[in-house]
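Labels A, B, C, D and E are assigned to the chains in the order they are written; within every chain, residues are numbered from 1.
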Amino acid sequence: MTPQPGFQWIQILYALATLFVVLNYGLLMTALVQKIAARVSGRHGIPIWQNYVDLVKNFALRSQISHGVMYYMGPIFRLSGGIGLLLFVPTIYGLPWAQNFSFAGDLILALYFVFFGTLGMALGAGESGHPHSAIGVSRGLSQTTAAELPLALAVYAIAVQYHTLNIPQIVAAQQGGIAHWTLITNPLATIAAMFAYVGTMMRAPFDVVLAPQEIPIGPPTEYHSAYMALMQTNRAIFPVAKTVVYMNLFFGGASNWLEFALKVFALYLIPAIIGVVHPRFRVEQSIRFFLKWGLPVGVLAILVV
Amino acid sequence: MIALALFTGFALILLGLYGALTNRDLIRMIVAFTIADTGVNVVLVAVGYLPGRTAPILDAAVPVAEAAARVIDPVPQALVLTAIVIGLGVTALMLAYAWRLFRARGSLDISDFTELKW
Amino acid sequence: MRDLHANLKTRHALGPFEPRRANLGFVTVPAERLRGLLTELRDVHGFTHLVLLTAVDWMEDGLFQLTYLMNDRAGDRTLGVRVMLNRDEAVGEDMHDLWPTAATYQRELKEMFGIDFPGSPRVDEEFILEGWTDLPPYRRDFDSLAYSQQTYAERPGRVTHDPRAHMKSKLYPEG
Amino acid sequence: MKDIDERFQKNRDRTVPLREELRPRTVTTPDGQEILIEPLKDYFCEAAPKVHPKAYFQIVENFYNWARANSLWILGFGTGCGAIEMRPLMTPRFDAYRYGVQWRPTPRQANLLIISGYLSVKTLKRAIRAYEQMQGPKYVIGLGSCTINGGMYWDSYNTIKRLDAYLPVDLYIAGCMPRPEALLAGFMELKKLIRAGKAEGANKYAENFATYKAAQKSVIKDWDMPDYNW
Amino acid sequence: MVSALWILALGLGGAFGLGLVPRGRGDLAFALMLGALGAMLLVALGWLAVMAGGAAPVLITTAAAPAPFAISLHIGLPEAVLVTTVLIAGALGALALRGALLRLGRGAMAVLLVLMMALSGLILTRDIFNLFVFFELISIATAGLVLLSPDPRALAAGFKYLVIGQIVSILLLIGIVFTYHANGALGLDHIAATAPGVAGAGLAMFLLLIALVVELKPFPANGWALDIYESAHPGFSALFSAGSGTAAVFALAKVAAVAGPAWAPLLTGLGLLSFLGAGLLALRQTNDRRLLGYSSVGQLGLVLAVIGQGDVLGEATAFIAGGILLAHAAAKAGLFWLSALVPGRGLGDWAALRRRPILVLAFASFIAMLIGLPPFPGFYAKWELAQALVAHGRMPVLGSVLFGSLLEAAFLFRWFGRAMKAESAEVPSANPIDTAIVLAALAAGWGLGALWGALSGLSNVLTTIPVLFALAFVALEPLPARIKNVIAILGLVGWFVLRLPDYDPLRLIFAIVMLPGGAVILLASFTEGGRRLGFYPPAMLMYAGMALLLDAVTTFQFFAAWELLTLGSYFLILRGQRSEPHAQSYILFSLGGAFALLAGFALAGQGALDLRLDALSDIPVTIAPWVFVLLALGFMTKTAAMGLHIWLPGAHAEAETDVSPMVSGVLLKAGLYGIVILLSELGRQRLMGVDLVNMLAWIGALSAFIGAVLAVFQEDAKRLLAYSSISQMGYALFGLALFSHLGWLLALMFVINHYLYKSMLFLAVGGVYRRTHTKLMYQMGGLITLMPFSFFSVLIGIVAMSGVPPLSGFGGRWIFYNAILGTDLRLPLVMIFLAGPVGFLYLFRLIHTIFLGQLKDPHRQIKEAPFWMLVPQMIYVALLIGFAVLPGMILRRVDTYLGTVFGDHPLIWTGRAVSSEFGHWNPVGIMLVIIGIFVSVGAILLAKVHGAQKVKQFNIVFSAERPYRPETTHFAWNFFAPYRRAVGFLEAPVATRFWGGIGDALTAGAELTRRLYTGNGQLYATQVVLFVLVAWAIIFGGQS
């Protein structure tokens, strides 16, 4: 394996540019998906720019409260987790300025950095002292343990398949048409990973973590104004960043921004579509679901690769 | 003759043991052990006995020079003497114990003295 | 029902039977006989269900009337047992050992009428009013309107019409 | 029969004692010391609300107001019959989402409180707590005649008759009960107020906090926490 | 040199001489008796000196006639040693009995002298009838001395004893006369020389032997003897056990030597039966002296078995049997004398000893002597015994001996633990003479330990510097704890610096964790004021064990070090407030594991007394897998692999605040070190088609997963951490079992990381415990503002542990992925993958329920943890961050070294970045990027919310309600309830049930067997007769 190229200062500007593109894309795309979901139920749905408005509104709130230091840190962790995940993974294959900070680490870094935001958020929510926050965290973590498992197995399977953990190399191996995508060359791993993907996107049937009618909104119950705005920003960036990882690993990556936009949108639509037609699982139900269906596929994937 | 003596001895031993293991009265047990002791002594003597010889006492009847051929083996006899002495001591001690037990507890039944167990 | 009344009348010093329907009637009993009667009704005659326990304020007579409405499911009949209490020192007998639900009714009566039921669980705690400082509001000497006017901010300009006159003038303006 | 007993005078002397769990108490620490716990002081923030200035540049404030107007997050708090009238707003028929209106489950994230009907004293207490926990700028809509002048509860011993005496109401929607269309119209009116910078209820509340609190406490006799519920 | 006959003559003469002392002059009589005993002892000591000098044994004839015509005595080294031992016991015993003797007068003193004379005679004589006479004398004297007891129950016991004595004497006499009949002689030397002439000689010999065996009070025909132990004066019981028992065993040994090897199996069998049976029965015993009686029975049984194994032990028999016998004599006499100082008779009444720490030391030493722990003679004896037995394929015997030792450890440590933990208002007797006697026994025990170490031909444990250093702390006990702490820290660091040049990088990793690592933890001990009695000696013993473990080059050194650290850590763990049952299960599992090691090393040695560790790789293929299994079992007991883990949670959780990190952060690494040695020497082994290394990987993965799941469901913070240790050790085991460069690198990284964050977390939680006095997490909450430093270290700890970048745990995960990509072992991976996020669950719970959430009333004014507890934590924080940014500091050296072991270089280090065949990892880059993003985002937020109103704990949106109380608002208990509903079945305590079932079966067996001893002397007599008959049927049944 060749040593990675080092760091140059210009990369910071490049990273900011990527961030800007992804942020806007995320804000619009999530609104669009919400609009689609509204149309499914016969509504008109939110305006496409609604996310921007909400963001501005939340930033513009005049009063704030604070529960303590970790409470401050929570949203910072959360957003840093999202941005970091985005920036540790090259966004566009072959586009030099969209390689971000991938010199720092490989796929494993991305895999484990996902937890960074979760951890910080959970801690921040914890310091608010609200029992619903704690309940939401308890549910979220419990569900994640089972949901992330198929992904870990799938990652192992494709790392063995491509004999690398380096994301650009994995994408490179998938170039040359849809037949080279992991989706086709290793369908088991892809299916296993999609279990994890659907399971961690916080949409029905796996959204008991937020459960707005039951434990107001789970971990972020106490968050508002600018804190909330940071988390909203993360809600725009993080799913996209995560989808980018999946896209790179299983769906041939993206070699230009258009392909990126289409693929991310298509992938993002999967949990959205599943979500609008399914009721909610309880936590133990979703854990059992992943252990019963996700795990065997993952195990098969690592056995046959 | 030897066989008879041996048989008698073993019979006494078994009788004594049986008595000691079945009688719950301390005194009876002691007596039974005395019987068994006697049996042991009989066996001891019987084992040392050689037919047709005389007692191992070196006197005019048995000159020293012929002793090895004419007297029976003196060792068991010596053993018996010692054993009898010791048996006497032990019996005396047991009787003393029985007496003190009776004085202390007012009973001579061995099954009454079971406060030490397990 | 009448048979039942005849059966119980002398033993429990019952008042006259007041039928309402074939399977519904009321009867009045002296306060000291109440427990015996209720127990017998529940255990012997099948009135296993306490439908409600409520009170009426006979202010002019200086009395509170408690009504225990009981239902016999199997026999499809309902009996209301009335007992009159002295309004000045209104103390009822605690019946929650016969029907646990009675405790809740008794709490309500304590709060709304001021009738005490010594021994009833949590009878002194707030029931639905929080921080109430005045007369129990269901007593007839408590004037709700006066209280409301003295307590809550009002928007000036509100006009109250006599419904009958108002509707008449609206519907038949020419008289 | 007369409507009112002229001689009736409400009892003005009695006060409500502090609830048991809020009374100061001594607690033994793990080290065996006795310490005094004053729940009201120790558990709750006692600061008074502040008046928050508008943005320095009017154009920024206008931009913010536009955003605020187009992002009305309602606290899902239903009182009285109006609670039922609000639900249809989420359905395809009325679809309030298209106006940037959505419901939030926690007061922290909401900025519009709709009092959707009569308020008993007990509920008023909750409504005030919820209102105070919202972050400014925040708006209050009173729904139906009960919130305006008491409506059919004009003589109730336990229901307030005029909401704006207790909370800074930005807008009333009249009717008994107003239909969802009326509510939508109300939202549009509120948006206009916000965009015009006239919906400053939060600041009004903070400015006149003492007055509001006095009015609230004249009704809620057991406001058993610091004045402002942060 | 005066004739050894003088020993007997002096005894008898003294006894008669006592008759001349006027009545009422008890003091004079006592002086005379002591004088006689002293004179006997002088003669014996003289002979001992001569014999130890290497003189040839001497045959002493009596009546001026050689053996066949007269009795002859024999004195060689064993006789001299034993006579001396017996007489010392007698002299000290006389002192212990002084009150009773003076009360009963000169007669009793005479009887004591006769007893000592008879015991000496029993040892010296070579004539079987003479044996009988001495036995009878002993019997009579014993019955007489039992009366010294103030306990009225002793009367009945004495009578029962006499009844059995009668039966034995009948058997013995018949045996003697028939032996004489068969061999024509009574002298042992002549019997041995003449071939058995007559049929029935076998029966005669049987009777002789079985009578002698019954004299040893064999299980199950021994109820009478136990009554004596329980009711006699403890001074006499000491004699009865240390003197009579010793002499009787020697008499039996003499006869057995004559009888020939044909009888060895019988003796072995009966001996083992006694050893096991007594151990079993003692499990349920509640009376201290009766317990000691059982222990005596067991120990004599063990010696009997050793004598029975004389054919394979050869020359070593004397060393082994002597070691056990002498250690037993010293320990048992000491314990009986101690029991005279203890007012109560229950096991818990020994708690009174705690008021005099020197007696606790004695108690602990005696117990270690009985079990055969280093540095006492029994330890060397057991080692050689195991070597010899295995060399001759006598695995079942070894198995029984080891199991019996485990039983013995079980009841003795149960007793010790209870004595250390029970409440007692009693004060032990402070009589200086009685104390001095006990201390004499203590000194004798330690002296014997040193002697046996020197004689063993192996490395002497007692002369190693670390052990001496640890023992020095016994002398330093009067100093203040803080001074001792300084010395201890200096010692650890000093030893590390001293040894530094000799460690290879692999050992260096472990050495860093164990020595300077231990010193850092000791910093936290500065919190403790006072003298902290009983902390430093065991702690330093444990560290000494670890230091020696790293230095060990032979199997014996390794094993000795292992036992030392086990023993030290046991005493440490026992110090915890409620740790008694957990310390008990810890010592049992540890000793079980140690015995597996012993068996494994013995198997590997194949008769060689000692084996270099690096020679393990040369052992034959046929036995290598078995050695592997045994050693792996031993080591996995220490790392608490799933199934062998049940001791860990309690032991780690209930230990003291600064002990928990020692036993968790440091001690567990000893097990890993063992596995490293095992794997590097033995490599891959297959047994019955199963790849054992893969098996280890499975066990590791299972431990990692189940340990994590169990940790999730704990309410006790320290227990949570303890289960987490099981999980982490599972990871490390898995890494080692991958048996590849990266796998080992992973495991070594875990060694360091686990040490850092687990020590830190235990200290942090310990600091919290110190302030809140609770370990239950749901009772805490909201401590973040009050204990910010503790919070910070827990935060860093859990980030590091969960593997989230940028802290050091991530490096572990990165290496882990690279390691597993090269392996074919895929299925256990699934469990490892499962374990990862589960770890996240329990860690979050730890930090959330303690530091976040609602602050409780009693904790409102709590202070931050003590300064000295924070110091090591902050050091760990610094190290964790440093290790995260610059992992190369340590890893690179190890990586290079592993390269020489495995012959590959999978990692390429360029600057501060690492890359492998699969991917790359730039720790500095990761750290900088994350800090950059974090600071930018933080700045944005701060700019916006800097004026936020700071609110308090009840200012939360609570559905517009007011929270009732903090307790009802803190969501903490059963935190992962949904997770429990989903995977709660994994919580089923399978291992606990299994081991508990074994324990229950044993105690139930003990309870049942105990019923044999009804207390009826007649029944006891019947049992003896039946015992003889059954033994006879077994021996001769096969022949007819």
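Note that a residue touches a chain if its C-beta (ideal position, glycine included) is under 8 Å from a C-beta of that chain, and two chains touch if they have at least 3 such contacts.
Bear in mind the structure is a predicted one, so any value in this text is a computation, not a measurement.
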Remaining touching clusters (ignoring subunit D, no chains moved): A, B, E | C
item	value
Labels of chains that are neighbours to subunit C and to subunit D	none
Starting at subunit D, fewest touch steps before arriving at subunit E	1
Chain at maximum distance from subunit D, centres defined as averaged CA atoms	B
Farthest chain relative to subunit C (centres taken as mean CA coordinates)	B
Winner on C-beta contact pairs when A-E is weighed against A-D	A-E
CA centroid of subunit B to CA centroid of subunit C, Å	104
Distance from the mean Cα position of subunit D to that of subunit A, given in whole angstrom	37
Distance between the centres, which are taken as Cα means, of subunit E and subunit B, whole angstrom	49
Between subunit A and subunit B, centroid-to-centroid distance (C-alpha), Å	99
Sequence positions of subunit E contacting 2 or more other chains	949-951, 953, 955, 957
Residues of subunit A engaged with two or more neighbouring chains	63-65, 216, 221-222, 225
Per-residue overlap in subunit B, given as positions that touch at least 2 other chains	none
Set of all touching chain pairs, with the criterion as stated earlier	A-D, A-E, B-E, C-D, D-E
Subunit E contact footprint on subunit D (complex, rising order)	21, 25, 27-31, 33, 35, 37, 42-45, 47, 50, 77, 106-108, 126-127, 129-130, 133, 224-225, 229-230
Touching residues (chain side subunit A, partner subunit E) in the complex	1, 3-4, 7, 12, 59, 63-70, 72-73, 75-77, 79-80, 83-84, 87-88, 101, 103-109, 112-113, 115-116, 119, 122-123, 126-132, 134-135, 137-139, 141-142, 144-146, 148-149, 152-153, 156, 159-160, 163-166, 216, 221-222, 225-227, 229-230, 282-284, 287-288, 291, 295, 298-299, 302-303
Partner subunit D, residues of subunit A touching it in the complex	38, 41-47, 50, 53-54, 56-58, 60-65, 212-213, 216-217, 220-225, 228
Of all residues in subunit D, those that touch subunit C in their complex	3-6, 8-11, 14-16, 121-122, 125, 148-150, 154-162, 165-166, 215, 218-222
Subunit A-touching residues of subunit E, taken from the complex the two chains share	782, 784-785, 795, 798-799, 802-805, 810, 813-814, 817-818, 820-821, 826-827, 829-830, 833-834, 836-838, 840-841, 844, 847-848, 852-854, 908, 910, 913, 915-922, 925-926, 929-930, 932-934, 937-938, 940-942, 944-945, 947-951, 953, 955-959, 969-972, 975-979, 981-983
